[in-house]
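You will see two complexes here that share chain A, one where it goes with chain B and one where it goes with chain C.
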Partner chain A sequence: MPGDFLDRYSRGGTICHRMSPRLKIILTVAVIVTCAFLPLSNWPLYGCLASLVFVALSLAEIPIAYLTRRLLLFLPLVLMTAIAVPLSRGFAGGWQTAGTVVIRAVVAFLAALWLVSTTPFDRLLAGLCRLGLPRLFAALLAFVYRYIHVLFDELARMRTAQRARTFKRPPGWRDWKGAVQLVGTLMIRALVRAERIHGAMCSRGWTGKMHSLD
Partner chain B sequence: MSHAEVPILKVERLSYRYPTGQIALCDVSFQIGMREVVGLIGPNGAGKTTLLLHLNGLLMGTRLAPRRGETASVVESVSDGGGRFEAENIAAGNRVPVEVLGMPVIPENLPEVRRIVGILFQDPDDQLFCPTVGDDVAFGPLNLDFPRDEVLRRVGEALAAVGLSGFEGRSPQQLSFGEKRRVCLAGVLACEPNLLALDEPSSNLDPRARRGLIEILRNCPAAQIIASHDLELVAEQCSRVIVLDQGRIQADGPSREILADEKLMAKHGLEVPLSIQYNLKLSPAPH
Partner chain C sequence: MHIADGFLSTQVCLGAGALSAGAIGLSLRKLNETVSTRTVPLTGMMAALIFAAQMVNFPLLLAPASGHLLGGVLAAVVVGPWAGCVAIALVLFLQMTLFADGGWLAYGANVLNMGVVGSLGGYAIYAGIRRRMPGPRGIVVGAVIASWVSVVAASALFCVEFSLSHYDEGFNLPGLFAVMTSFHSLIGVGEALITGGVVSYLLAVRPDLIAEPGSPAGAVAGLGRVVWSGAVAALAVAAFAAPFASEADDGLEAASKEVKIEGLVQEPRALLLADYKIPLPRFVSSAGSSDEAASGQSNGFWQKLSVSLAGVLGTAAILGITFALGGFSKSRIAPEATHAG
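On to the complex of A and B.
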């Protein structure tokens, strides 16, 4: 997994990239909230919101192919939720509701994608902090962002090592067993690493309070 | 070291037992002088890393009773992993095994001890936990409660010292392994420690990065203790060497004598560095 899978286009130079992170966060949240509370009868407004997001995305020069790939990862989750609506509420009005769920989710998703694709993660966090996010919470997010890369690298290395000693494709259940073992090992390694990180933090004078340069 | 000055580090009869019951360090005593550069060598599992973790109180072992008993009783009195110094323990008699600049390493002194002793860990990913290089190098100075200007000055100077000026905005996953290690070192240097404890500083580095690291260490005025399997690095950099094996100090003396002792080296899973074997002229030790 490449190191920049979350915010590949976040270091561009377009007008969207130059906007203040705080403003972008407020805009994104506004779009998402409006989208979520807009009554079904006002459907033309959905179109407006969607085109607004598309304009923002094209201004940020984010490739369509990238957006499509991200959307394809996200859509199955939404579709599953959406399908549950007509199945549980009856088909009459159900399809309409399902359609709304999908549109709302996609617009919100694209808006969030615009935010993370135009703002480097550290600046995003700084913006969130200025908007009142507690420091500790920001630190937790920073740790997740930092170590998700390390953990994925570790997983990839373990997968490779496992495959290097897999001579023919094992029957299905053993394949699963191997995957489960990997996840278990990864969790133990993550735990041990967490302890080492804590040691490294204490070594540089950490006493439980997160400071920041901003 | 000259015996006139206060040692920066004094370890006396330090012993430590892992929570599993296995003995990691047994009766370890040594001192390090103000500007000394000491190598710490020994086979895998000798206790090198465990020893380094004691230098700033991340681990706290016990000090053996002053009487020299038989091995059995010595082993009995080694504390378990949870062994911390309680107040009454200290009141009962000075039983703190590690002293930094004459200050016992006990919980109350940890902030000061950790300012004086900087540890560079083996895996840069463990030490680079902030979203950007600048944040990471600033982590120590910020914890020391310096004003913003001073923090920025230290970040700039530390990054310049490791040759990475202008890297403040980079994120750690964009760096090469060698750059990561140097940023880690900058993070430690930014606290301006008086003693640098380095755990395998040259491991996994390509020759150029390794050479760069040696140059940085040479220019660093702090006393240093370098735990390493890179014996050429130790031969080049350290005036004195401590051999640790099975948790005990096996030898402690001038590096050229110890590193050239074929029997001693072989006995502890080491070997005489090629530069000494072939009598290559070593560049003079820097301190």
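On to the complex of A and C.
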């Protein structure tokens, strides 16, 4: 399940993990912005930024196999969008724009991956709140983070049940129908669950206003 | 569909971010106006649901690949446009932080393309079709058309953002527009099929869960629908008029020059080609020497294609918007709607 993917290495004890989340957010955004502003004529600076990010990643002791896997999943998406630029000119140019975009995207992706892999989600939210993220939005994010795990489990159970009642994947149209029913049922269950949670929250004094201890 | 960092310039990202921040703030205010205790559990659960539903793979009927739901219109149909827009913004934030899918700087642009245009704009089209076609059939037809238009509109908006970011690089907007919209009109068919399927399943099993435009969740739309259908109309005009405008070499150019901050002017690109060699020298030399000529001749085909595609897509979008605006004249907010139209 994708649960494996969710901030997998974020709870470590390295120097990167112990840094203040706020500082890490600012550093990451700084790297991404620098990357976006850098013209390609200064290409050695891209190398410097990339090595900086790589040093940070190795200080955080994130396995290189994991990084490679993430990059392999990420690259096709970027390349597909980037190829649209030369394609739009009948492959007679635009390669430079495409190349720049891909380099920038990879550096920014690794920087963001460093931030996410060294900061647990709740600390990240707290850091973002102190940088000005509205309370209500943060409360919503915390709620979603909690319940995606519940819904992933629910989905896995429903898939198991579906497979137990189907000997093999039905062809074409009927497989598609099964997927639609899976999403539809998940939606009904989630909305009914939301009503129950709403009742439970109200009975515990929820008024729609956010309160926080810090 | 998710824009990664590096595609758009920082100025465009900041502009899109400001627009989406405004839209999210407005949506949250509208949500809190009804039953404020429901905002967090209902919207949050919808976001978690869209997130989980994206993990379900749909076999594409004619292709070997499989696709998944994007969910903007589906969320808006079930819980209303404001909650749908916020839910998509939440999903995008979690995908950005947990999967590093979509860039941090490009978050505002992603919310604008998929949340604001996808959910709010899509809902405007859906609501218009529902006025014309009452009953369950209108719900399904509206959801299908709205989700297709929302995907294509998001890709058109991406083209505009991208060309604003790279306008000084001898850029061919009509060509990019043709490529992106033709890709996404296919992706949009998948999205429309999935949305339609799920909505008709819900109608068969739990029809009470779908927000009626007359019920509190739907009435929230009110004035906003006028505003957002206006926004969608403006977007359509911008996107579909762009190929013609850029041929005349004024509208978009002038706009992007205004947007540009003076201190950030980059080096002219011709200089870079001298010291940066891409392992395709033939293409590089032709791109460097005869930029204008290349975009002029070899793209005749793409330009024609883009113009015809723009015609088809434009007609579809205008049809939806006409439905939407036609519907308003019957509603309580009629005077404003006629002004908007």
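Please note the rule applied: the second predicted complex is superposed on the first by the 206 of 214 C-alpha atoms of A that agree within 3 Å, B and C clash if a C-alpha of one lies under 4 Å from a C-alpha of the other, contacts with A are read in each partner's own complex, and residues count from 1 in each chain.
In this text, a contact is a pair of C-beta atoms (placed from the backbone, for glycine too) under 8 Å apart; a residue touches a chain by one contact, two chains touch by 3 or more.
Computed from a predicted model, the values in this text were never measured in an experiment.
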item	value
Superposed partners chain B and chain C on chain A - clash or fit	fit
Chain B, chain C and vertex chain A (Cα centres) - angle in steps of 10°	100
Which superposed partner A:Gly93 touches (first chain B, second chain C, both, neither)	second
Which superposed partner A:Val78 touches (first chain B, second chain C, both, neither)	second
Partner chain in contact with A:Phe121 - chain B first, chain C second, else both or neither	both
Touching partner for A:Gly47 - first (chain B), second (chain C), both, neither	neither
Partner chain(s) touched by A:Pro63 [first = chain B, second = chain C, both, neither]	neither
Touched partner set for A:Tyr145, first chain B, second chain C, both or neither	both
Partner chain(s) touched by A:Arg204 [first = chain B, second = chain C, both, neither]	first
More chain A residues in contact [chain B versus chain C]	C
First (chain B), second (chain C), both or neither touched by A:Ile32	second
Where chain B and chain C come nearest after superposition, their Cα distance in Å	9
On chain A, the residue positions that both chain B and chain C contact, one per complex	121, 143, 145, 147, 150, 193, 197, 201-202, 206-207
Touching residues (chain side chain B, partner chain A) in the complex	53, 56, 58, 110-111, 114-115, 118-119, 121, 123, 125-132, 134-135, 138-140, 142-144, 148, 151-152, 169, 171-174, 187-188, 191
Residue ranges of chain A in contact with chain B within the complex	3-4, 120-122, 125, 142-143, 145-147, 149-150, 193, 196-197, 199-207, 209, 211-213
Contact footprint of chain C on chain A as seen in their complex	2, 5-7, 28-29, 32-33, 35-37, 39-41, 43, 70, 74, 77-78, 81, 84-97, 99-109, 112-113, 116, 121, 124, 134, 136-137, 139-141, 143-145, 147-148, 150-152, 154-155, 172-173, 175-177, 179-188, 190-191, 193-195, 197-198, 201-202, 206-208
Touching residues (chain side chain C, partner chain A) in the complex	2-10, 13, 24-25, 28, 32, 36-49, 51-53, 55-59, 61, 69, 78, 86, 90-91, 93-94, 96-101, 103-105, 166, 169-172, 174-180, 183, 193-194, 197-198, 201-202, 205-206, 209, 264, 266-267, 269, 271-273, 275-276, 278, 280, 283-284, 286-287, 291, 294-295, 298-299, 301-302
